[in-house]
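Take a look at the structure below.
Chains here go by letter, A, B, C, D, E, F, G, H, I, J, K, L, M and N, matching the order in which they are written, and residues are numbered from 1 within each.
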Amino acid sequence: MTDLVIIAAISIFTAGMTVSFGALGPALGEGRAAAAAIAAIAQQPDAAATLSRTLFVSLAMIESTAIYCFVVAMILIFANPFWDAAMQVAAGG
Amino acid sequence: MTDLVIIAAISIFTAGMTVSFGALGPALGEGRAAAAAIAAIAQQPDAAATLSRTLFVSLAMIESTAIYCFVVAMILIFANPFWDAAMQVAAGG
Amino acid sequence: MTDLVIIAAISIFTAGMTVSFGALGPALGEGRAAAAAIAAIAQQPDAAATLSRTLFVSLAMIESTAIYCFVVAMILIFANPFWDAAMQVAAGG
Amino acid sequence: MTDLVIIAAISIFTAGMTVSFGALGPALGEGRAAAAAIAAIAQQPDAAATLSRTLFVSLAMIESTAIYCFVVAMILIFANPFWDAAMQVAAGG
Amino acid sequence: MTDLVIIAAISIFTAGMTVSFGALGPALGEGRAAAAAIAAIAQQPDAAATLSRTLFVSLAMIESTAIYCFVVAMILIFANPFWDAAMQVAAGG
Amino acid sequence: MTDLVIIAAISIFTAGMTVSFGALGPALGEGRAAAAAIAAIAQQPDAAATLSRTLFVSLAMIESTAIYCFVVAMILIFANPFWDAAMQVAAGG
Amino acid sequence: MTDLVIIAAISIFTAGMTVSFGALGPALGEGRAAAAAIAAIAQQPDAAATLSRTLFVSLAMIESTAIYCFVVAMILIFANPFWDAAMQVAAGG
Amino acid sequence: MTDLVIIAAISIFTAGMTVSFGALGPALGEGRAAAAAIAAIAQQPDAAATLSRTLFVSLAMIESTAIYCFVVAMILIFANPFWDAAMQVAAGG
Amino acid sequence: MTDLVIIAAISIFTAGMTVSFGALGPALGEGRAAAAAIAAIAQQPDAAATLSRTLFVSLAMIESTAIYCFVVAMILIFANPFWDAAMQVAAGG
Amino acid sequence: MTDLVIIAAISIFTAGMTVSFGALGPALGEGRAAAAAIAAIAQQPDAAATLSRTLFVSLAMIESTAIYCFVVAMILIFANPFWDAAMQVAAGG
Amino acid sequence: MTDLVIIAAISIFTAGMTVSFGALGPALGEGRAAAAAIAAIAQQPDAAATLSRTLFVSLAMIESTAIYCFVVAMILIFANPFWDAAMQVAAGG
Amino acid sequence: MTDLVIIAAISIFTAGMTVSFGALGPALGEGRAAAAAIAAIAQQPDAAATLSRTLFVSLAMIESTAIYCFVVAMILIFANPFWDAAMQVAAGG
Amino acid sequence: MTDLVIIAAISIFTAGMTVSFGALGPALGEGRAAAAAIAAIAQQPDAAATLSRTLFVSLAMIESTAIYCFVVAMILIFANPFWDAAMQVAAGG
Amino acid sequence: MTDLVIIAAISIFTAGMTVSFGALGPALGEGRAAAAAIAAIAQQPDAAATLSRTLFVSLAMIESTAIYCFVVAMILIFANPFWDAAMQVAAGG
């Protein structure tokens, strides 16, 4: 196997695993927060505005960990510095 | 094995694993949020509109992590930059 | 092993795993949402229409992650771009 | 090993795993929904018709993920396009 | 190893695993549904007929996933198309 | 290793694993159903007949998945079609 | 390794694993059923006879899955048809 | 490695694993049953005799699965038929 | 590796694993039974004698499974029949 | 494989795993904290300011562990000292 | 590798694993029993003496399984009969 | 592979795993503590100062385990004594 | 690899694993006991002395299993009899 | 690979794993204890001093297991006796 293929294969595999493992925690955490918010609004409809605001801030915070994973996966597929370095070597070799 | 086959095999395997692992968390999280919303509507039917709106925003947020996975799987199958690069090399070699 | 066989084997294995792992989360999530809806209808029969509507929207949303997996599995079996590329090479070689 | 045997072996293994892993989630989800329906009918016998209808729709929805798995397993055993292609090659070779 | 032995070995192993993994989910799901039905009959003996009917429909639905597994296992042992094809090749070879 | 030994080894291993994994789910499910029945009889002794009947039907249903496993294990040990075919080949070879 | 040793080794390993994995589920299920029965007798001492009878039937049912495993293990150690066949071959060889 | 050593090694390993895995389920099940019995006696001291009798029957039943494992382990160490057969071959060889 | 070393290595490893895995279940089961007994004595101090007696019988029963494991480990280290047989062969060889 | 490729491959794989495993704990922890805050605001709307402040401090604290992981992943991709050292050797070699 | 090194390596590894796995169950079980005792003393301070005595007997019983593991680990490190036998052979060889 | 590359690869892999596994426990523990604090403030707003102080001390204590992991990861990447020693050898060799 | 290196490597690995696995159970058990003690003191402040004494005895008992692990790890690093024996051989060889 | 590299690699890997696995238990245990303390202070603000003292003693006790792990990791990185011995050999060789 040439060096380029090794880097390509490991990048593809890692990108997929990163984004799929990284979806597990945030999805469960957001589901819990959303469930709590919905139950809270039903219990105290007058505070719906405050509750929604708190929910959205929390969802954004939790989603951020999923976005870290997505960003890393995108970097590995489209802006992989190791791949670029290997391409330069291959082009110049 | 030629280089093309390695990239094809790892892309196929990763695409499938990404989308199937990535379905676990969102499905459980959405199930929890939906269950909470349904219980809340039964308890406070007057707030059904607010509750539905909160539920749909939450479902969209949770679904986003599943969509990240689906997008990455589609990229790996239909717009894989490593495959394109390898095809160019094979075509030009 | 020829290249075609490798791609065929990995596609078969991945298609099956994708659809079976992808069934776990949605089935559990839908079971939870359905259980909540049934308990809610028993508790508040007057809101059955609203509850059913919310349930069906939620089930559709959760089912979507299972459908992503099924779609990917079908693509891998019947419309696999890597297989097509390899067939063209084999036909033209 | 000839190519045909590899495809046959991986198809057999994948078909069995697909249908058995795919039975886990739906069976648990349906058990949960059914338990909720039975408890709900005992609590509100007058709404038995609505509850049964909701239960059957939910069971059908959950069962669908198990059926996806069964369909994929049947395709892999009886209508495997990769096997057909390999048979044609073997017949024509 | 001849090709026939590989197919036989993988069929035996897959058939056993399919039916044993496939028994886990349905057995747990049916246990849950049955427990709910028994508790419901104790709580509302007058609705025993409706409850039994709902239970039996649910058990049949859940059992279906176990039966899918049993059917696949039986096909793999007694009506395996890959084995038949390999036998024909061996007989005609 | 001769072909016969491979088939014998894989049949022995699969038969044992099938019957032992297949005992897990049914035993837990039956334990749950039995516990529910016993609690229900204590709570409503007058309905003991109905409850026992429902329990026995449920136990039979759950036990069926364990019996599928036992049947497959017995087939693999005492009526294994692949072993018979291999014996015929060995006897006639 | 001679063929006899392979069959002996796999039989020993499988027999042990079968009986030990097969003890997990029944022991937990029986523990649950027994706990329910004891709590029920404490709550309704007058129904002790009915409860004991139901418990013993249930324990027998659950124990049956453990006995399947024990039977298979004993068959593998003391009445293994594959071992007998291999011994005959070795004796006649 | 001579054949005798393989059988000795696999027997030692299997005996230990059998008895240690086989201790997990019964110990947990007995703990649960004992806890229920103790709580029941505290709640209903007058029924202590009936409760103790039910507990001891249940413990004996649960312990039986651990004893199956112990028996198999002892057979593998001290009365292993495969070892005896191999010793006879070695003595007569 | 000489035969003696293989038997020694597998005996050491198995003895340690047997006693450590075998400690998990009994320790948890005894902890549960003891917790129940302590809570029961606090709730019904007058029945402390009966409760202690039931606890000690139960602890002895649960401990027995741990003792099976300890006995097997001691046999493997200090009275291993396979080691003795191998030593005799080595001494007489 | 050249040394550079080994370092590139292990850096890519580690970066992805770090950020995806590292998202699991914080997402679940933040979901729990957010759910508690939302329930608390619904219960005590007057203390919303104090509760929000406590929530944000806690979220920041929990998020810090996810950020450690993201930082390490970024260092491994864009500022990897081992890669720099290997590049210098390769450039100077 | 000489025989002595194999025995030394496997003894070191097994001793460590034995004592660390063996700490899991007893620590959890003792934590549970201690928590129950503390809650019981708070609820019934007059019975503190009886409760403490029961707790200490139970802790000793649970600790015994951890001590079995520690004893086996110490035997493997400081009084390993297989090591002694191998040393004698090495000294006399 | 040169020695330097082995040390670099294992350092990169270990640093990432250390910080990502090390984030799991603290994040969950802090989430639990924060949830308790928020619920407590809602229940007893007057004690908010004491509760916040206790929370912050606890968070710092829990965070310390995550910081141990981060410190070890940073040492492995930027101040690795084994790498320094290997660099000296390489520079002086 | 020389014999000394094998013993060193396995000792390092085992020491680390022993102390880290051995920290899991005691930390969880102590957390549970401490939580119970704190809740008990809040409920019955008058019995704080008795509760603290019981807590400290229990913590010491639970900590003992962690200390066994730490002791074994320290022995493996600083007073390893197998290492000493190997050093003597190496020094005298 | 030279001996030094093996010891360095295994030390790096073990140090990281030790400190990250060792953080799991203490973080969860401390989170539980802290949550209990916070809830207790909210319930009984007058006993805050006693509760804080008990909490800090417990946290110190639990943290000790994490510190054992950190100490072992630091010893493996900065004061590794096996590394020192190997360095002496290398320096003197």
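Convention: contacts are C-beta pairs under 8 Å (C-beta built on N, C-alpha and C of every residue); 3 or more make two chains touch, one makes a residue touch a chain.
If you're wondering where the values come from, they're calculated on a predicted model, not measured in any experiment.
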item	value
Shortest walk length in steps over touching chains, chain F through to chain L	7
Contact distance in steps, from chain C to chain M	6
Chain D onto chain I, rotation angle from CA fit, given as a multiple of 5 degrees	130
Whole-Å gap between the CA centroids of chain A and chain F	43
Inter-chain centre distance, chain A versus chain N - centres from mean C-alpha coordinates, in Å	30
Intercentroid distance (Cα basis), chain L paired with chain A, Å	21
Distance between the centres, which are taken as Cα means, of chain M and chain K, whole angstrom	11
Sites on chain H at which at least two other chains make contact	11, 13, 15, 17, 19-22, 24-26, 28-32, 35-37, 39, 41, 43, 55, 59, 66, 69, 73
Pairwise touch network: line, ring, star, complete, or other	ring
Chain order, ring traversed from chain L with chain N following	L, N, M, K, I, H, G, F, E, D, C, B, A, J
In the complex, chain E residues that touch chain F	1-2, 4-5, 8-9, 11-13, 15-17, 19-32, 34-39, 41-43, 45, 48, 52, 55-56, 59, 63, 66, 69-70, 73, 77-78, 83, 87
Of chain F, residues touching chain E in the complex	3, 6-7, 10-11, 13-15, 17-22, 24-26, 28-33, 35-37, 39-41, 43-44, 46-47, 50-51, 54-55, 57-59, 61-62, 64-66, 68-69, 72-73, 75-76, 80-82, 85-86
